[in-house]
Amino acid sequence: MQRWLYQQLVPEARASGISLLNLIIVGLVLLSFLFLALETEPTLNTKPEWARLFAVFNVTVVIIFAVEYVARIWVAGIDPQYRGLGGQLKYVTRFYSVADLMAFLPELVVMLMGGGGSLLVLRVLRLARLIKIARFIPAFDALGAALRRSSSQLLTSLAVALTLVYVSAVLLYFVEGLGGHHQEEFASIPRALWWAVATLTTVGYGDVYPVTPLGRFFSAIIAIAGIGVVALPAGVFASAFSDELKERRERGTRL
Amino acid sequence: MQRWLYQQLVPEARASGISLLNLIIVGLVLLSFLFLALETEPTLNTKPEWARLFAVFNVTVVIIFAVEYVARIWVAGIDPQYRGLGGQLKYVTRFYSVADLMAFLPELVVMLMGGGGSLLVLRVLRLARLIKIARFIPAFDALGAALRRSSSQLLTSLAVALTLVYVSAVLLYFVEGLGGHHQEEFASIPRALWWAVATLTTVGYGDVYPVTPLGRFFSAIIAIAGIGVVALPAGVFASAFSDELKERRERGTRL
Amino acid sequence: MQRWLYQQLVPEARASGISLLNLIIVGLVLLSFLFLALETEPTLNTKPEWARLFAVFNVTVVIIFAVEYVARIWVAGIDPQYRGLGGQLKYVTRFYSVADLMAFLPELVVMLMGGGGSLLVLRVLRLARLIKIARFIPAFDALGAALRRSSSQLLTSLAVALTLVYVSAVLLYFVEGLGGHHQEEFASIPRALWWAVATLTTVGYGDVYPVTPLGRFFSAIIAIAGIGVVALPAGVFASAFSDELKERRERGTRL
Amino acid sequence: MQRWLYQQLVPEARASGISLLNLIIVGLVLLSFLFLALETEPTLNTKPEWARLFAVFNVTVVIIFAVEYVARIWVAGIDPQYRGLGGQLKYVTRFYSVADLMAFLPELVVMLMGGGGSLLVLRVLRLARLIKIARFIPAFDALGAALRRSSSQLLTSLAVALTLVYVSAVLLYFVEGLGGHHQEEFASIPRALWWAVATLTTVGYGDVYPVTPLGRFFSAIIAIAGIGVVALPAGVFASAFSDELKERRERGTRL
């Protein structure tokens, strides 16, 4: 029984793929994110039938994750390095084990104390459940490796991008905020920074934009010249992540 | 006659290029998409002369595609694998043959029953005509191959992108929806998700954007750091599609 | 004198770089584009002093280009292939020579007939002056080569991109136009196409966007999945253009 | 003492990394940019306590940079090439030394003359402090190298991009400005240029967009075909910058 559960729960126990039990846990985590989202929607959480559904779902998930947590500690003993009291202590202080605990404990405590399980801070802690899934997607791990492999290039390009954003904001602050029609939205550098980010990332919400001919002239130059520079850090990271995934596939690492 | 029609209708019968008859059919399909679009335009379909034009066009197309369907079954017999009753059955149950049938049958039935041929569900079925053209553009086939070749990288990068979108939405929900000016558009996570998608894909409609300094600060960081990550799946697919096309050209596959 | 003018006017007569006279002509063309733009600005062209400046500038440019045209025909005779009457005829019917003629003749004719030189159609013909500069930027020529080298990939990716745009528009037309709040802007497929293009190219003006939860859900999926696909043709062309430039540099072609 | 200060102040004196003193100076420059931004914010600079904080900070920074400037000249003598009066003169006329001077002198002069140190032009001169940090980020230097290495490709792609922007603006000016609903925002080519830049860089503020079917049709074609072309110069530069960084890392240059 313990051995079967070990095979089911510990991803490293399988050569490839994901066990049925872990698949259910992943599904449950995804479902809990869907419910976390729906729970905040006023048009739903004010209706009693939905509120009841949310409550039932939250209690169920907390119980399942609590049982899972205990089971994981129990089966961890099969691995020699987690045997004995010292081994168990080593196991529960692991990053993943702490995340497993955070995924249900705070909410469980509040429930036992009579709270509704929907306190603000608890909701945020549910994001710890992300780490529960990250375990099964080795590629999440590749994100960190990609960050490390490209760190110096990333920092450099980020510095260049931020400099461009800052200088653009200062320029437009002078042209549109101090000069021009004294637009409210360009009346200080921090406000102009909001415009600079929205423009140079090409998001362009349209809440702020230059209206004077001079402001539009500089803005056009900044847009044409600067977009590639601000996209540089993102591009550097994307390329490092892609390289990391390729190398892992070639090394035969599980993906 | 049958042999000539075979040469004209079956793309595999030609070493390269597209026959005149098939070119006409492709043109007719494209024209039918143009008409499908125009037909829905209130400023046109309320005018009797346009409505008549649409009706005549639809009837013509349905008749032509019906004739084409019968002709295809007839000439299919030249290919040994579709000879005899079993062969014909095998032919008409092919994916492409079913698409050929869906391209006219539902509308034909409604017309014979006296309906106007402009029912809602019929319009959607006309999209099946896309498959009629896909046959002549082998590259549509390359799309599927590109999806398969990059599937693991694609899933990974999609998971990372969606996680970033979700976490961004949760963050801005707390900062702008619960805190700040209690903006309606950030009042729940599902609403904040709409903002997160619009921002991280850089579409930036401008219907939703943070207004508090803190919300703008986080939003700026998310935009600069996140755009490359959300563009990752699209980039992975684009690159796989491009590689697939290059390889096919090198292998000498018809494109 | 003729030989010196030949050296100055004909770019092929120099090993590299651009002659002073041609540099002046390029500058004049660029200036004429600036003036073409300013001339259309109501806040300028209604002021008499600006209107006079525009008139003087236009006359000057037309005269200079006329003189240049005659000079080019005269010096062309130095090249053996353009010698004699047949040679001259061959020269004036060249693509570049016709463009040189279009750059001043229509406006000259109107001026001689007493017109103001600011007729609508004449303005458009001034765009022919672009070809006058293209001669000196061999890379404009590389554009055509890049189009040819990537034509099959370009057509394929364009077909895929347009299909995605069309299908997205049809989907949102059903969800937002027919269902939902019956939004005016999604009330027909042609209107939804405008939304689809603005979204999938990430321009996102914000004049049209889905407002129903279902419309936003599909829109989000389309945006995340589709952006890379619609950017594909542009990416294919950009990469072909970049390759073409690299190859030319390696071959030692003048750039 | 002089030798220790030399080790601390001159980056070339260290094999790698950055000294504590220089780190403090970098931090101070970054802080001064934060303060420069905050200082312009009306909701802050009208409050006496903030105004006092800004004044104190500015005076402190000016004094520290003045001391640093003198110290740098003093320790420069350790390097043989800056020894003696001629060497000192050579040192103070270096680009970096002039930037060091501009980082405090103008503000110091105004302060001594009794001005508040918040004059407009002084604020802009503070941007010279950027160069103080650039010294410690050799990658800023790589920007220039990337510009040089890709200059011909960059100019070519910029010319193509600008041509496309101009021609798009002319086209929409005719369709939307002269024809259509005579939209104010397309009423001249310079105005249409603002639309063309916003569209082709995909910023899409939404302050200007075509409203007639014909304008939207051309606009859609321009958007799909043109985005890659306008992104070309930025892409060329980004790729040259990335190559430059890679080469430097391989050559073992400090980054």
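By letter and in written order, the chains are A, B, C and D; residue numbering begins at 1 in each of them.
What we mean here is this: a residue touches a chain if its C-beta (ideal position, glycine included) is under 8 Å from a C-beta of that chain, and two chains touch if they have at least 3 such contacts.
Nothing here was measured: the structure is a model prediction, and the numbers come from that model.
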Across the interface between the identical copies chain B and chain C, with over half of residue numbers shared counting as same and under half as different, the residues used are different
One copy, chain C, sits on the other, chain D, after a C-alpha rotation whose size in degrees, in steps of 5, is 90
Relative to chain A, the most remote chain by C-alpha centroid is chain C
Interface copy of A-D among B-D, C-D or A-C, with over half of contact pairs matching by residue number, is C-D
When centres are defined as mean Cα positions, the distance from chain A to chain B in whole Å is 31
Taking each chain's centre as the mean of its CA atoms, chain A sits from chain C at a distance in Å of 44
Multi-chain touching residues of chain C, meaning two or more other chains, are 190, 193, 202-206, 231, 235-236
The answer for chain C against chain B in the complex is residues 152-153, 156-157, 159-160, 163, 166-167, 169-170, 173-174, 177-178, 187-191, 193, 199, 202-206, 209, 213, 216, 219-220, 223-229, 231-232, 235-236
The residues of chain A that touch chain B in their complex are 33, 36-38, 40-42, 120, 124, 127, 130, 137, 139-140, 142-143, 158, 161-162, 165, 190, 193-194, 197-198, 201-207, 230-231, 233-238, 241-242, 245-246, 249, 255
Interface with chain D, chain B side, in the complex: residues 202, 204-206
